[in-house]
Amino acid sequence: MQSVLTALALGALYGALGIGFVIVHRLTGMVNFAMGDIAVAGAFGAVVASSVLPPLAAIGVGALTGAVVSVLMYHLAIHPLRHQSLMVQTIVTLGVGIAIRSAIQLIFGTGPRQFEPITSGSSLTILGGSIPLQSLWLVGLTVVGYLGLAFFFDRTLSGKALSAFSVNAYAAGVVGISLTVMATIAFALSGAIAGGVLAAQVPTSFITAGAGLALGLKGFIAAILGGFEKLGLTLVGGFIVALVEVLVARNVSAAQASTIVFLLLIVLLVVRPQGLTRKVAADRV
Amino acid sequence: MSELRSPLTLSWRHGVAAAVWIGIVLLFAGLANAYYAGLGATVGILALLALGMVLVTGYAGQFSLAVGAFYGIGAYGSTLLTVKYGWYGLVALVLAATVAGVLGYAIARPLFRLRGHFLAMATLALTEVFYLSVNNAGFTGGSTGMGGIQPLDLFGFSLSSSASHVVVNWVVVGLVVWGILTLRKGREGRALLAIRGHEAAAAAAGVNIPSAKARVFTASAVISAVAGSLYAHQYLYVNPPPFGLQTAIDVLMIAVLGGMRSPWGAVIGAIALEVIYQGIEAILPGLLGTGAVGAGQQLIIGLLLVVILVVRPDGIAGALGDLIGFVRRRLGGDRAPEAVAPTTTQTSTDMRALRRQEDEAGPVSPGSVVLSARGLLKRYGGVTAVDDVDLDIHEGEVLAVIGPNGAGKSTLVNMLSGNTPPTAGTVTIGNVETTSMRAHEVARHRLSRTFQTPCLFEGMDVAATVKVGAHLRGNVGMLRSSIPTPAAVREERRLADETQAVLTRLDLAHLADRDAKNLSLGQQKIVEVARALVGQPRLILLDEPCAGLNKAEKASLMQLLRALGREGLAVLVIEHDMEFVMASADRVHVLNFGKTLRVGTPDEVQNDHAVIDAYLGVATDADEAAESVEVTH
Amino acid sequence: MSDALAVSNLSFYYGRAQVLDDLSFTVAAGEIVTIIGPNGAGKSTLLNVIARSHRLRRGAVAVAGTSTSRMSQSQVVRTGCSLVPEGRQVFSTLSVADNLLLGGYTRRRDNTTKKLLREVYDLFPRLEERSHQLAGTLSGGEQQMLAVGRAYMSQPKVMLLDEPSLGLSPQMTELVMKVLKRMRDENGLTIVLVEQNARAALALADRGYLLNAGKFVLEGTAAALRGDPAVKHIYLGGASSTEQVEGPLADSLAAELAE
């Protein structure tokens, strides 16, 4: 039970990063290798804000930071390359990721950072397992973010326009939907959910400048499990990744947990690239 | 007009190039002090890694970041074998490289079912898995690593000085550069570039894509592993960090800096990256303090990666190439722009007259059935694109498939050539059923095809593009073609001759050294026809060859089809230009809504009311239909 | 009053291949003009350049007197020129109603959505019946209705239709053509209809142009074009071997042959 509870919080984090991948991929067909680092930038934004703002507001600042960094990346690095192949666009996100990571390191150093949880107090005990209150906030925030996105995509005209663009970019242009506007929205949402949720995790553990790569890879697995298409399944995928990681860490060795998870990624990509869905996302590339 | 020379020849120039290369390396090794020699040797190792990436990413167009893992296998393999088991260094190097090669080959097939970023992510994970494994495993020394390695012993010479590292590393680099350059000019290299350019077209030419990708990935793994072994014997100590993602990014950076299309890019990029690193180390501490060097370096590398890609996606080598081209044009003056076609003696472009003329040249006598399709059916979701079509093509016959837009013509041809699997029905070529074969397997039964929109390969000249079509006319593999053996040179010469013959026949010889993608649409179409013909097929499928051709080109294409028929070839052509169809075809097969509407001679089809209605449509009002009767006679 | 659509000296190249060669034409408000011609003549390209799915590099386009030459694709839609693209191109995984709403994307601040939706459902009652179905599950004819309805939702002055009869049965083609006529008669919509189905198009249109190899080779009233044997010649080649080409096209053909 303890494993499940721990995995729940971690899974929400991976799921949120996965959703960040999915939103951008659905629109542009590209995989954003800087996703993890954008989330880390959001978390550090929250760390800075936490010195003057209450934790909840600081997390809001984290989401905002993630969104701003993500949108900047689109306009400075990806938009100029929109006529180039997806491979070039992918490499450029790698470069952006490195730049963000090392810029954070330059400013904040390599040491861990943390801030106060939203509600202080001891952990909640459920069915023999315990979960820190802040982790509940994290899970809650992810669920709220997911519901908000679901509402946005299903109920608002802008959300539908974004979906329309993913389905048929040519026809979206024909009805007057502009790629630049849509991409700005998508990158903002992607950065916001990843940055905000990672910021919410900071009080329970801590954040370091170099955390982005591993986080990004795990979020990517969640996105694969969600078929790079379905937001809900991506959250489920995040939980599965976290559960595997937690179980391996408890029963085999903590050091091997990441190795096993990444091996799982390779196997998953080769054996079942469609993840939990029926459609193969890898074929669309 | 000069003969098309096989680019794959051995001449005195190669000897001179090798001598110059070794001279420069020796000069540097002799002049540099130990510090710079050490740097030079390290740059050589990075250049080797980047060369591996040029093969997989630059040539074959597959974005892989697995370099770190294979680099590590070489380094750790050599270390374990020599330190723990006391093996002789060179033998250990060979074995480590073999292990990397076998492993690379084994994982390549499943891995390369992935494309684009999914492949990048999987190979990135592979590198990360290797890094974490050696970092955690006891027998590799964990995060502290392993020491006690001896310098490489080269038949009695102990390579312990930095100068000797420079010589060995850069001679290996020279060999690999040479191999990769020669590979490019040979059959397998062309196949790789064709895969990068257009997979469907490469497969149609008979290139076995999964196999070619697996083999090039293996070659790259071996090169990376050799680099790793050299690294271990140079530093005499291995620990995990150099084999993680950082190296993969460095190599990527080199490839981006130098450009991935040519092995020279890897060499230039490796040197440029080191210069940048040195520059940063000299300047940064003054700006940000010594503590910031590591992160500052990364920041600059990251930003540089972005800036270079935005400004110049083909890197320094691309910029240099442009510069050289510019200088050459200035010096050579006239050469590039005006490649004038030999004036054709043809005066008439009246298709019907030409057909009469052609028929007098000799009768076409259809022979036995070459290809036969029965009950072909293709559904896309709820839409039936091709619906129960039967079709036979005979030796020496020109069969035209026509029909209004969306009638299912291209889908039909794609099913015949193995590019699209049918939902139901069978295709038989000769006596062999090819229904479930993939395109490159169907091509082995001597079926060639062209595509509706010309599928040419980026950065390839006309001669090479056409030669890809001769892929199945040769059998020299990747290794033999990069050395190259005398047999490989002979074969390449034969392919060049065969290509030359086709180019001459199609009036393309004067364009042989032009970039195929820069030709006019009509010329591109003819290049595709040439690529299909050079494979010496017995059946050729042409998908809308006339689009973009002018009157004279159409007339000579029509004459070509008639001539091919006389030679016993079976020709299937999809075309909208009815004048062309009626003049070139022996039989016409009309499709409408995916079904066979009519099969007959051109005259029969042209005067068939159902066909006319299918083309001109049916008027919507009864009284207007009456008016339009005069159009239909 | 100015023309609903004016195109002048428009040329277009794919790479180095010229697809459209110096085309000029005008369409008066409320007129239905058809551009017919064989496959590959450049008809689709022409509409896509006017709607700015392709870039406009040479020539000028004006919609209802406003030059759209320098506009982006969405501005062109807002100015009142909507394209019904070839092959329908509906948003297959969205519902019929969502497809229509997105058609009005550029008018999302005008508060006219409800009224327009009502009008589309009146034109195509079938769409109202299926409004909650996914567009991808509709039949070809229904998808075509949806594509027309989607373009209508942007309140265009000029509607460009690219081969609406493609893959449709004659009955379905007739139904679509009737709705087009109704939209013109009742709402004064100007229509430019690109068709391979020359008979259906000429039955509906007021005037027509015959496009071949990027040039207009013939123009005239629909009635005149219907009777011109050159049309069949262009579509089906040199007819039977004894007859020669006659009619207004003979001159231009001769000129072409002389090249």
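General remarks:
Just so it is clear, A, B and C label the chains in written order, and each chain counts residues from 1 on its own.
Definition applied: a residue touches a chain if its C-beta (ideal position, glycine included) is under 8 Å from a C-beta of that chain, and two chains touch if they have at least 3 such contacts.
Owing to the predicted nature of the structure, the values given are computational and were not obtained by experimental measurement.
Between A-C and A-B, more C-beta contact pairs are found at A-B.
Innermost chain of the displayed assembly, by C-alpha centre distance to the whole-protein C-alpha centre, is B. Averaged C-alpha coordinates give centres for chain B and chain C that are 39 Å from one another. In whole angstrom, the spacing between the mean C-alpha positions of chain A and chain C is 44.
Chain A and chain B have centres, each the mean of its CA atoms, that are 36 Å apart. Not a single residue position of chain C touches two or more of the other chains.
Of all residues in chain C, only 51, 53, 72-74, 76-78, 82-83, 85, 89-94, 98-99, 101-103, 105-106, 108, 150-151, 154 touch chain A in the complex they form.
On the side of chain A, the complex with chain C involves touching residues 157, 160-161, 163-164, 167-168, 170-178. Of all residues in chain B, only 349-352, 381-383, 404-406, 517-522, 544, 547-548, 550-551, 576-583, 593, 603, 606-607, 612, 615-621, 624-625, 627-628, 630-632 touch chain C in the complex they form.
Of all residues in chain C, only 14-17, 38-40, 87, 136-137, 140, 163, 165-167, 170, 173-174, 177-178, 195-204, 223, 226-229, 231-232, 235-241, 256-257, 259 touch chain B in the complex they form. For chain B in complex with chain A, the residues that touch the partner chain are 61, 63, 110-111, 113-118, 120-122, 124-126, 128-129, 132-133, 136, 245, 249, 252, 256, 288, 292, 294-299, 301-306, 309-310, 313.
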